[in-house]
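The letters A, B, C and D name the chains in turn, as written, and every chain counts its residues from 1.
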Amino acid sequence: MNESNTAVATREIMYREALNEALKEEMRRNPNVFVMGEGIAERGGSYKVTVDLLEEFGHKRVIDTPISENGFTGTGVGAALTGMRPVVEILFIDFSLLVLDQIINQAAKFKFMSGGTARVPMVLRTQGGVGNGLAAQHSQSLEMLFYHIPGLRVVMPSDAYDAKGLLKSAIRCDDPVIFLEHKLLYMNKTDVPEEEYTIPLGQAKVKKEGKDLTIIAWSGMVPKALEAAHILASQGIDAEVVDPRTLVPLDKETILNSVRKTEHVLIVQEAVRRGGVASDISSIIQEQAFDYLDAPVKILGGLNIPCPFNLNLEELIIPQVDDIVKAAKEVVYKG
Amino acid sequence: MKKYSIDFLSSLYTTMYKIRNFEEQGIKLYRQGHIRGYFHPYWGEEAIATGVCSAMNPDDYITSTHRGHGHCLAWGADLNRMFAELLGKKAGYCKGLGGSMHIADYSKGNLGANGIVGSGTPIAVGAALGASIRGEKKVVATFVSDGGSNIGSFLEGLNLAAAWKLPVIFVIENNQYAVSTPIEDSTGETQLYKRGIGFGVESVRIDGNDVLQVYETAKAFVDRCRKGEGPFLIEAVTFRKSGHHVNDPGLYLPKEKVEYYEKHDPLKIGAEYLRNAGLSDEQLAELQDKVMKEIKVAVDFAVKGEEMSKEEFLNFVEGY
Amino acid sequence: MNESNTAVATREIMYREALNEALKEEMRRNPNVFVMGEGIAERGGSYKVTVDLLEEFGHKRVIDTPISENGFTGTGVGAALTGMRPVVEILFIDFSLLVLDQIINQAAKFKFMSGGTARVPMVLRTQGGVGNGLAAQHSQSLEMLFYHIPGLRVVMPSDAYDAKGLLKSAIRCDDPVIFLEHKLLYMNKTDVPEEEYTIPLGQAKVKKEGKDLTIIAWSGMVPKALEAAHILASQGIDAEVVDPRTLVPLDKETILNSVRKTEHVLIVQEAVRRGGVASDISSIIQEQAFDYLDAPVKILGGLNIPCPFNLNLEELIIPQVDDIVKAAKEVVYKG
Amino acid sequence: MKKYSIDFLSSLYTTMYKIRNFEEQGIKLYRQGHIRGYFHPYWGEEAIATGVCSAMNPDDYITSTHRGHGHCLAWGADLNRMFAELLGKKAGYCKGLGGSMHIADYSKGNLGANGIVGSGTPIAVGAALGASIRGEKKVVATFVSDGGSNIGSFLEGLNLAAAWKLPVIFVIENNQYAVSTPIEDSTGETQLYKRGIGFGVESVRIDGNDVLQVYETAKAFVDRCRKGEGPFLIEAVTFRKSGHHVNDPGLYLPKEKVEYYEKHDPLKIGAEYLRNAGLSDEQLAELQDKVMKEIKVAVDFAVKGEEMSKEEFLNFVEGY
């Protein structure tokens, strides 16, 4: 089955259920796939992504770990190097700061350093983003730390459909994949086919077509961008919303095609503005579609500050629907 | 065991009782929607923070954990500012920007709770190192959880303090569970004090629910730290009174353990010490009453308190 | 003394000697300044930056550490939180991947999380860059990992003069400063005043004036950019070379002024092209000086791959003088 | 001690002698400018890799350190491809892209040297975990240095293997120095095997220069690992024959220690075993000669070898 096939039976399921299905299907398909992380077995994970896996696959393949993120991530790397396909869960992307040696110095480098003889087919699943008053150490969006590192793939699905298809591809990928979920998306529902499907890494998706401006957004910003596009439509601005879905490899073609059509670009990013992935996408558009641009590429990003605990202030620091609407108008009216 | 004055025993009990009821009120406020985010209650473990902190000097340092309310209160934190922080209010210790997992009072040497398990340990070692460079005879207590004793930050910190002979007391609060994972599943050696020995650190395992046992152990180590004989490690065995987090009913906790610790409650043990020392039931009730009144006032203060305005906030973060 | 004062007595010293002087002067000035790292005491550090400190300041303030990067960096954080001014050395920036929890989750966040009551006046010194066949785990340029994090300052001096003045300011800064040196610069000599001086964080420097194009470069790329500018001059292209020196805070004004003058921009970066700081600078120029640009902002960065051991291949992966000349011409002739 | 055949003892000696002379030739090549980058010679420590690896099966796994040539050779690496890698040539184990610190042979279960101290340990634990999931009775040896025993990666890995009862043998090569830092300065407990005990791991301290002692200890642990009784830890005490790196003269090494280990050299001890078993001096010389010839051929092969061309390289990295 591929994505363009639309006449299939579907049902609405949650993002977390879609992830759970992907794990189950891949674990059934390949006995070398296993999952490990804190509280993922009996408890089914903090966001319930791994529920019921223990019953079907047993303790050998559904492993609760001690609080030793660096150690168990490295364990995943070693298992992958020797033929397994581990899916390692880190509870919060903030804690991934404890495992970057294993991811960046080890997993990302082995294929290269070995002259191509070693592969690390491992998935690191974690979640980030602002929400629910979790404060500065549990609310970061750190995709840039992985995006910048050669040897890693970076996937950030924004809905259940993408989440399932991409996680299945991530598990089948022969290189390390950083699979970044968003804490506010787990309960969101989308139509997901009954039938098995995968989504290749590296294909963006136009989530709404439009001709006046291109809004590029990923992960938690996609639902907001779509809502903003809806409001903009009611005000006579026809925005196209492009979701890269995979940040590495990045589907530059789909992005550039949209830009060439609309000639106006807004990139919306939950991560702090300074040095985010949006900057890199902006630099690419600017280098490769300069002559099409009617106005500067605008970036709407998070404020350059940590996340406050207070809920009303928390709201302030990342782009909200109204901010997107406002920024989009600025881009369109400037051009 | 030494004989202690009623005053001293009362002060220990008062602290424990304050922590217990702070958490109970906090949970209520959480359920009412006044508190959001993570809330890890310290109840059931009150004797540890209380016993250790009461053995230290006011100008010493502590670092705490994700389950940090008890350490702050035992270190003398103000109830008003504690509740205000939990409610995200401007009068809180961190102006409402930190919340439960980041409460701290740097002005008093409380270097804060920490949302990252184990990360407080190297910070504590650094406080001790700084004091030793300055030639000050301060002692640092660093609280860490059983789960935290498996992470590199803690283990490296332990070795550093040992290598440099720093005045640090490592206090492992072994409540036998990390969320739902029992300690047997997370290490090959559940007697956690032994890993201190592996690094050449004098280490003991004690009943963490017996406030006097904690106090006496800590006091001896604090005194020896001050003489330059540190570091030391205390494994204080205890148990959570409920789930990991306010929203976790803790159904996985084995019934026998729950029942045992129900009886072996730090407050019950503390009250028994008081009774043995001659405090009457009325006197105890009076003492309890006083704490409850303070808590009521503080809850009221926090609920009515202002939040930082958007303008104040944007002002505060200028220059980032 | 300030930078514009040019009638001062100077002598030529090496980058590493300049750093050594800065450390000595600041340690004399403030008894709370101390240094720690691997082999920095008796041995004086792998790049000899800390030679002679032990003799003058003793073991209390010149501390050899075990191989526990995360632990001793956290120790620095704790010391800083309680009033000290530690200068922590990590041998290679690659090893800083072991300490990012302490830097990003802790040091960078305390001031904010505490509502402003805590400060972490700590300097993390380390070095990066490609050179001498050190291969994939000892040759990275990872400034982006710090640049993206609110609460950190990031300094990357390219010569002895800047190194000394900036390190002194970094040590006096009340917030955590990431001070990034380059392994190939340590032996480079520049004129450095006899007299004490500091350079404020956040001031770029025009290292060569020019009118045809702006080349922005930092750290190890500055000497190469200057050499390229020299060659370009002989071919009739008058390039301006701007060295931000401090990446955070970034001196946008100096950069934008240069861009407005030359209308052509080349950013040269040793770090891999994808998601580097160059992308962010490009996005800023593009947002704030769009109407001045005669050609797209070009980024010449490292290849998106790890560093090979083989020396001839190593050379290939980062911009060399000839590459800069070629890229500069492309920008100028495109405009 | 058990009686061993001359063949077996010869094979142990041959491996040690090969490592020793590999390093000597490597240092020469370094000084001649054929090798660049880091080069950490394993000489003086040959008995450890040799004793441990000869106790294992060819389809087991090892992970190595920054001082990794010895482990690779003891695991059976080809001299030609070893030298070629050190010289950055295409015929090297990593096509010249890895170099000394990253030599590996994944096809044979050698998971590689590592430039980051301690980081090989969790990888070894993962190899063991994978094998155990697949139901294969493999054993994994992970070599780590004394300095590496202070880092979180090693300590967390040790605890994980203990918690999960995995067939891993932790081999601490305690050469008593980390570059110029003596072990006393970097830990509160210089008997490093004790930290294994702290995690519930059966641990011993042995003479790392005595190849038979290493072999017998490793053999017993390997056999027990295969029966599911792992993990185990071996602290093998040894000493570097020179500075940390080819460019470090090691002047800080105390004279008495240097002299002691000059006499207590693994090759001398190995040769003594052979003599006691009846090998004549001529036979020994013959054996040595054979190794030297192989090395000469390999050096020649490496020096003459091609490097990867720019085109091949750019082709190789496509898709990053």
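Just so we're on the same page, a contact is a pair of C-beta atoms (placed from the backbone, for glycine too) under 8 Å apart; a residue touches a chain by one contact, two chains touch by 3 or more.
Here the structure is a predicted model, which means the values were calculated and not measured.
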item	value
Contact-richer chain pair (by C-beta pairs counted) among C-D and B-C	B-C
Chain centre separation in whole Å, for chain D relative to chain B (CA means)	45
For chain C paired with chain D, centre-to-centre distance based on mean C-alpha positions, whole Å	37
Whole-Å gap separating chain A and chain C, where each centre is the average of the chain's CA atoms	31
Chain B and chain C, separation of their C-alpha mean positions in angstrom	41
Chain B residues counted as touching two or more neighbouring chains	94, 96-98, 102, 114-116, 150-153, 156, 159, 163, 185-187, 317, 320
Contacts with 2+ other chains: residues of chain C	65-66, 68, 70-71, 94-95, 98, 101, 105, 112-113, 135-137, 150-151, 303-305, 308
Category of the chain touch graph - line, ring, star, complete, other	complete
Residues on chain A engaged by chain B in the complex (per definition of touch)	38-39, 42-43, 64-71, 94-95, 98, 132-138, 303-305, 308-313, 316
Of chain C, residues touching chain B in the complex	31-32, 34, 60-61, 63, 65-66, 68, 70-84, 86, 101-102, 105-106, 110, 112-118, 150-151
Residues of chain A touching chain C in the complex	70, 94-95, 97-98, 100-101, 104-105, 108-109, 112-113, 135-137, 140, 142, 144-145, 147-151, 248, 271-272, 274-280, 282-283, 286-287, 290, 293, 295-299, 303-306, 308
Chain C partner contacts - residues on chain B that touch it in the complex	61, 63, 92-98, 102, 104-107, 109, 111-112, 114-116, 119, 121-134, 152-153, 156-157, 159-160, 163-164, 316-317, 320
Complex interface listing, chain D residues touching chain B	150-153, 155-156, 159, 161-163, 165, 185-190, 194-201, 231
